[in-house]
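The same chain A turns up in both complexes below, where it pairs with chain B and then with chain C.
Now for the complex of A and B:
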């Protein structure tokens, strides 16, 4: 008897399985709809054009992209205002993400060496801080770094400003844009912007690094120590290579997250150093009201972020292969 | 001169005392096994020797030099970890050359030395492999080669065979011992496996509850266990609770004689220990310490048979050579004798391991 004969006529698919397939299909359709429709609309609108006083109109024009890369008056005149904003977007996001990861790494490593109970306390605390909104955090730092009521005032009152002037450090701070002729100042400055952005994503960095570091076998570091490695050598030659991929992944994730930062940039960054995210908001909801151009900026920002992610992935693959 | 000495070593973790007042000398060039059950403090002691833990009290010296507070990276002690702790991002050769590389040895020289060490542990040609491509036994060899790269004064191994299967473990025990003898390096092995300790060690230190129960050669430890715990932990033993009476020991109404009168006051609770191979079976035995028993179970192990007996002294296990003419079966009645020389006497303190001792191989 053949196998087919043994099985008999084609078995009926049970109704439960049929329904399961339908539900699965439906879920995929909803997921694709939610992901693709907003992005598709932004892409379509980015090719539209602004109608003065009447919002925007459907079109298929590359004028918004041209404006982004070479300015509205091209070819008569070329401007790089929006490319500059993209540069600041990337710069803030890269520096703040790297700063957050670099500072979160030793903290998380030490945290994973503590007792289970202490680790749980830290994780609960860090997860709780995630409930704080960007607006709340920026408000806090705005007060701390405010020229009239924050650290600059404290520095002046406590004599630190005078000490800085006496020792010559005040001139250095002025060169760095962190002092006016009378006192130190943090607003507006790249320092304050990066500091706040890093603070904003720091708990995410710890939470993302925690699983990899808690799984790291402590005997790896101990073995290196017994072979003559000093603490920094252990970190450089054993711990960092062991968590290279999570480090790269965390940095990229924070980078993408920070590309969209808005409140911290508007409060702490000099207007000449504002980012694409701020410009997009201005175009979509702010004073400029040019939705097609805002949409084009969004697409460029997305493509730039994608390019960064691909680059990061290639770098990590290369380092993995070369190790 | 002793290579390594511990004096009054103690280690507390909060209220818990992991290691309690240990004073030991590790003779130069010998292999010493720290043997004991889980949680007895043997790994903690090894970690203090390695410099990975700081003793709460006491001193560690090498050749008379106090190294108690010297950090691990300055001790030049090679260590093999239970998990081997090989660096997964490095090749086999780079793992072995790690100590040399970080010490600033030229890359070519370090690689050549690593290859020599890989030859020594019979891993010639494995230098370019990744750690993930190795079997358990190969990983262990790499870990040994890596620990030897810096030519350590003392070689430490923490349960080095625990990750290997039984057959490979026995092979590696012999190989490691031969390697140690060839290099003549002072070696300390932590193990909970008494067979492993007996196979490899010149000297065994039996530990329990953070203390040293006995230190001696494998033969001394096996034949002359200092305490009931050691008798139970090393090899197999029959334990009998009794009472001292006029130099003899009363167990279950039977008066047992010892080679010399027992040095216990009459009425003192004592414990007698007899190895299974010490019990004689069959007719025509000496009258001294002779009783009758009934066979309850026979366990055939090939060259020997374990005869489980119900006697007036309690349940006993006797080891009978397989070439004995009389083959005992369950239900047989048999004469048995416990020669005085085969009996060991201890104070009647509770012994924690009698049941497992009988079951242990």
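Now for the complex of A and C:
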């Protein structure tokens, strides 16, 4: 029953309704101003024309989009440089998001089985860690993975490096790019990049999974256990199906969050594995001042991410239907 | 609808900056005749040295108070200045631009005001190359110069390389060097000077591609492609790399702080770049700016900057009172002149070819 129907036809409804309409209009205006206008600008700029040696002009040209797929020297030659960067954007975001969720799930589950007090303590701690910026976290890992101050130093001091050299494993590591002639090295590597990225979003994963897992009725798992199911079977057939949707939602959210990672990539990833976000920054704020190409890359990244999200949702809906 | 909104926002931003500027001089006695000038420099140690040593000397000589403004050493600043100029209020009167950025600014137009050299007699101390004329009159007066140098970790590399070519030796430098990831960070100029005909090689696309192909051979020896200066600083301190390219002034400062880094002038030399003072187009501080540029071109000031900031002077050593040791600390020979024109006229081509090489696609 609507408010108007409750009050009856004779009552004076307009003032309340008018306020509602004004608030509604205001919200729309804010949304428009904060989301659509910047996006519209990016879209407009992406059609601009680059002037060599200077800046760029407003134009309506598809050259920037074309460049993304085949390079600036097309048709003389084609390059997959920018598609490769998009691939690494997706790959890092998917792998790091899945890794964070997979490791956060058991942790969060065990956390919800603890006392209220302990749970609150954990949550406050995790919320507090969110105040650490990407730069700060990357700096920390940079030190942990550095030759004179981190893991490689431990490897050398504990004799592991010498042992690796004696057993021949060291040459294998050199082939993998995880060692220089003196010691093991973890930067730059995909290992370090994914590690830092999932570390970065891990607290978010816990906080996003917590509500669903804490609402989970413990008697379900207990019932399954009393009926003779092993813990792993309980996890697979009772707990996982119950939190399938939040799991999917968390992964997708972390994926979107990670697409924009910049500092961790520039510090830990080899340039052959750099992402679209890095390239966008280089073009917009780098020495070429090529904002149109940066904008075109942003639009492509947005479309690709959107397609990924739709795909993810389809998959989760399908699995939901099949369950 | 967007245009006016953004503009008002920027104007408010400008007003805020103005307010910040005003509060900056509150600390000093405000008399009616106080003349002020806002001067940009690159932040950190660099800017601090200016504030501590150079600006006070200028105020003592001319009575003009300087307000120091932090600006980046990149084209970034052009975007900021462009938006600020459009909004009618710029954050600084004088900006410090590297030569390529200055040429870019002159091509963009409307950002830099031509100077009246008759008010800057000191500029005649400089080589004419350092007083840039973009066709609209003199736009920039050289401030100081800096080298990108070969550096090594002297504890790991006991025998200093005599040539840049030694960095290509994988048996010595496998996964051990730090180079800049930016296409215009002058490693191309180093490679061209070492294996090709130097700046002349940049005249043709084939020449540029050949230089880039030569850099590709070095890739197995590069452990770090740095994009921020601090990355290379950390990597040298941490021992993640044992050599590479880095700024001569910072290397010398790090070395004097006891870190294992040593700048080297190999037989091909190191690339020399320089910064220029440029007056913002909408600034009304023409007279003060002229006095500042005049002061900066003075041999005594050039020597002061070399001693306190570690930059190389833009005038002949004989005109300054720098000792041989002091001069060797900030400069060296031979110097490699960057191919500025190519970097600007073919920037998209060179950037993409370089990025492809670094990415290995």
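Side notes on the structure shown:
Here is the rule we use: the second predicted complex is superposed on the first by the 282 of 323 C-alpha atoms of A that agree within 3 Å, B and C clash if a C-alpha of one lies under 4 Å from a C-alpha of the other, contacts with A are read in each partner's own complex, and residues count from 1 in each chain.
Keep this in mind: a contact is a pair of C-beta atoms (placed from the backbone, for glycine too) under 8 Å apart; a residue touches a chain by one contact, two chains touch by 3 or more.
These numbers were taken from a predicted model, which means no experiment stands behind them.
For the composite obtained by superposing both complexes on chain A, the positions of chain B and chain C are free of clash and fit together.
In the superposition on chain A, contact is made by A:37 with chain C only, not with chain B.
Once the two complexes are laid over each other on the shared chain, residue contacts for A:249 go to neither chain B nor chain C.
Judged by the touch definition given at the top, the superposed model places A:260 against neither chain B nor chain C.
One of chain B and chain C touches more residues of chain A, and that partner is C. Shared-chain residue A:220: touches chain B; no touch with chain C. Superposing both complexes on chain A places the Cα centres of chain B and chain C at an angle of 150° as seen from the Cα centre of chain A, in steps of 10.
In the superposition on chain A, A:84 makes contact with chain C only, not with chain B. By the document's definition of touching, neither partner reaches A:312: not chain B, not chain C. Touch criterion met: A:177 reaches chain C, while chain B stays clear of it. Between chain B and chain C, the shortest distance over C-alpha atoms in the superposed arrangement works out to 47 Å. Comparing which residues of chain A touch chain B with which touch chain C, the overlap is empty. Considering their complex, residues 33, 37, 40-41, 50-55, 71-73, 79-81, 84-85, 142, 146-149, 174, 177, 179-182, 185, 187-188, 266-267, 270-272, 274, 279, 285-290 of chain A touch chain C. Of all the residues in chain B, the ones that touch chain A in their complex are 50-52, 71-79, 81-83, 85-90, 98-99, 102-103, 146-147, 149-150, 156.
For chain A in complex with chain B, the touching residues are 217, 219-220, 222-230, 233, 237-238, 241-242, 244, 323.
Partner chain A is touched in their complex by these residues of chain C: 2, 5, 74-76, 78-79, 82, 100-101, 103-104, 107-108, 156, 174-176, 181-182, 184, 223-225, 227-228, 231, 234, 237-240, 344-349, 351-352, 355-356, 358-361.
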